[in-house]
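This is the structure I have questions about; it appears just below.
The letters A, B and C name the chains in turn, as written, and every chain counts its residues from 1.
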Amino acid sequence: MAKKTYLQALNEAMRLEMERDADVFIIGEDVGKFGGCFGVTQGLFDKFGSERVIDTPITESAIVGAAVGSAVSGLRPVAELMFVDFIGCALDQLFNQGAKMRYMFGGKAKVPMTLRMPQGAGVCAAAQHSQSLEAWFMHIPGIKVAIPSTPYDAKGLLISAIREDNPVIFLEHKMLYGVEGEVPDESYTIPLGKADVKREGADVTVVATSRMVHSALEAAETLAASGISVEVVDPRSLQPLDSDTIVESVKKTHALVVAHEAVGFAGPGAEIIAQVAEKALDYLDAPVKRVAAPFCPVPFSPPLEQAFIPGADAIVAAVKSLR
Amino acid sequence: MKSPDKKVLLSMFGTMHKIRAFETACQEFFAAGKIPGFVHLYLGEEAVATGACATLRKTDMITSTHRGHGHCLAKGGDLKFMMAEIFGRKTGYCKGKGGSMHIADVHIGILGANGIVGGGGPLAAGAALSSKYRKSDTVTVCFFGDGASNQGTTQEALNLASAWKLPLVFINENNGYGISCPQSKSMAITDIADRASAYDMPGVVVDGNDVLAVYEAVSEAVNRARQGKGPSLLECKTYRWRGHFEGDPTVYRPESELKEWMAKDPIPRFAKKLLDSKQATQAELDAIVGGVKKEVEEAVAFAESSPYPELADLLEDVYA
Amino acid sequence: MWLDESIPVRFSLPAGHETGIDCVSSAISQEGDVLLTVGIIANPVSGKDIRRLVAYGSVFDNQEKVRIIRRILTGLVAAGVTRVMYMPDSQCMVSRALENIEAPMEVEEMDMHMENTQDDSIHAARKMEAAGVSAIVVLGGDGTSRAVRKGAPNTPLLPVSTGTNNVFPAMMEATVAGLAAGIVATGRFPLERTCCRASILDVYIDGEAVDIALVDVAVYDGMFTGSRAVWDMDMVPQVFFSRCRADVIGMSAVGGQLERILPEEPRGLALDLCPPSTDVPVVTAAIAPGRFASVGIMRRVEMLPGQDCPVTISPCLLAVDGEREVEVGEGRRASVRLNPDGVWVIDVPKVMELARSAGFFVS
């Protein structure tokens, strides 16, 4: 199997789906010849042309709205916003229009669209280009939320997202674009709503998303040296959320740490912990812990930004505090 | 262009009456407490939806507004399913989950009424993009009000449509008020059509109470769009007879203004033209009015006798 | 009407107000308390019709009309006009124009009921003439001027174009136009020297005068006024012109390619049209901005003053000055007659030349 980066895996997923289905197209700011703000769509314009890789003005409402409108009228758009932070400009089109159409119309419409948005801190892009906003999208019935951590997952989840008949928010972490991993050349899907146990362990469950999966694996390695066996669970999608896999893991380890880069307060971890509390509270032998960003905007200055981003050390500390 | 033939003329007359009778029934049953929620009636504005949709094919698409009953009826929406939806019944277009503000039938190109003022513009751009992408000659009409014309979404849609020459016709229904706010207080300009030139598209002011003027202007705009020549903006000046919603006391507008506009009622005006031009006899018109009345009565009976959704339906249709 | 109550609609400033504009002509004295009144009728809906869609008609937004009114007002003041009366319009254009300038003149918004139709211009013009205004400045297209002429047949008009393809109103710089209208209003020169007496067309149905046209009457083979404009020449079997020139835009350009008839000439032109073919002369003309049409000329007749020229079909519509307006029912007999005593039109270059030779603006 070939080694590919997360970015290449995403690119390959879009290429394969566009080859497979003429209704799939890409729409967004600078996605064409420029290849996308982070280069995720590079080469697709040359291969598929301007009619299928559509550069837009800087007009987020119209990008998301055009994706919804073209999806409800039969196409399968893959829209890109340069940064998840820009969804603020387009929220109505997403959560009042795209998300609710099917329900409002009594199930007689479908909205097969994917909205790709890079998120996360780490490049000194400050408060309006670095957030992790997955909790916002999890809260809206009608949309699904995918948040891949590895190149393999990125490709399989994106292909699933494109084939979904519902709006899918696809959250990529900009610090993961260069991460390499094994990715098959052929097309494959990973179902939304299926968590992946990234490392098996016996003593504590760490549920981590996106870039924090890598921090969790690093922490697990460190903790293994101290004789603590960590199980790392990556939900891979937050809506639907595979709480079964998480609960099963907790039933085995009797301890839970949740790690994400979104701020902790009312973050995605709150929902994960609530699910475990509802379904497996009696199995817990220790209080649960959250490893998350502090409750402040993402700062600019490198030392401040590094202090903002939770890392492997924080996970190690959280796990050790349980014992 | 040639005048519309008799079949089209009588069909438009029927549609206007259908909207009038349907909305009058909604007014009555809302007052009687039989219709839940908010209802925004299209009374007085019938000529706009009628004249516009008479130029469209079944495969053409529309995006509508919170004041959407007229658009849906004119585009071919079924009275029974519409009325049942407004009554919140399981047999309604949306199985009772959408209500008055969300009636849709995507199979005949009705991409939905919309509870968000200005929500439809970007959606319409997307629908028109579909037509262009598929190299089909279908056209999308975006209905929006004077209030919506001040929303950023509308301006983004106008810009995108003109930059990409989308097959899209923007039909502004200027009824003079955004809820209680008169146009003079919500914008410094007087004709929303003037905004078209900023997007290098034709902008035309149309008498929105003259169904034939609307028909003619929209025909030209639709043909232009079908031929790949891009979008147009038509501003139809009209007036809503009722308040923004049923129950609105309309303290913000003088009674005399309403009277003036009611004197310009588009329906008798059109009837007179049909009779004067000998395109129809009074007996023919009476038969149409009678038929429509019966259709609306049947729709109400259908709605009233239909069951409410089952509680188990609550979680259905969130996802495909 | 969606009037903003905060916009002042009636106010006056004392003559000789210290700031802003003032009478600049040393030759024009303001004679005591005698008020020199000019009327202003501005049509808020001109320049918006379907010809922006079916042709390439220019977009004339109302903000520009407001600026034109401001320029006209400064011209009127400079000429010594001391009072302006104006038609209220739904868009408050004149009151908006007055907001940003200080005009030392008495300003009266006419107290009239507005229908927001062409009839408003007719009623306003009639009242202005009755009130003895010395001239009326008209902002609009051919249709607006026509309405004003209907209401005020004896008052000199200054038609300033804000329409689409105008033949009657001219494109002109509004400051100078206002100045010229003001000079005519002072009455220092006889109308014969400052104005052109233009012929018009009277429209009759069954022998009764029902309407007029300033420039042209087109017979439209359809039943409905619809969006009013005429752009499909296949629908037009017959046209009548009170004037025509090769260098104009619009219906009268068809006649203009055949001959030149000046507005003051006591003759007109009637044409029977047919689809272009090799059997007849074919004229190609710009019938709307950016839109050409070719028509066959089946018959060509000079119209003499008062001569009754029949419309050959019924039912039909008559488009007067480019707008479908008059319905001719089945079996009714319509006809058109040239009326050489049509309308006084202020000739700006002529007026300004007279003023120059009289040294009006030289001290």
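The working rule: contacts are C-beta pairs under 8 Å (C-beta built on N, C-alpha and C of every residue); 3 or more make two chains touch, one makes a residue touch a chain.
All figures in this text were calculated on a predicted structure; none of them were measured in a lab.
Looking at which two chains touch through the most C-beta pairs, you get A-B. Distance from per-chain Cα centroids to the pooled protein Cα centroid is smallest for B.
The greatest centre-to-centre distance from chain C, using averaged C-alpha positions, is reached by A.
Annotation: 66 Å between the Cα-based centres of chain A and chain C. Averaged Cα coordinates give chain A a centre that lies 40 Å from the centre of chain B. Chain geometry summary: the mean Cα position of chain B and that of chain C are 36 Å apart.
In chain A, no residue touches two or more other chains. Across the complex, chain C meets chain B through its residues 1-4, 7, 44-45, 48-50, 52-54, 59, 61-63, 90-92, 115, 222-228, 232, 235, 315, 327, 329-330. Those residues of chain B whose C-beta lies close enough to touch chain C in the complex are 1-3, 176-177, 182-185, 188-191, 193-194, 196-197, 202-206, 210, 212-213, 215-217, 220-221, 224, 232, 234-235, 257, 260, 273, 276-279. Within the complex formed with chain A, the residues of chain B that make contact are 61, 63, 92-98, 102, 104-107, 111-112, 114-116, 119, 121-131, 133-134, 152-153, 156-157, 159-160, 163, 316-320. Those residues of chain A lying in contact with chain B across their complex are 25, 51, 56-57, 59, 61-62, 64-75, 77, 92-93, 96-97, 101-112, 141-142, 144, 164-166.
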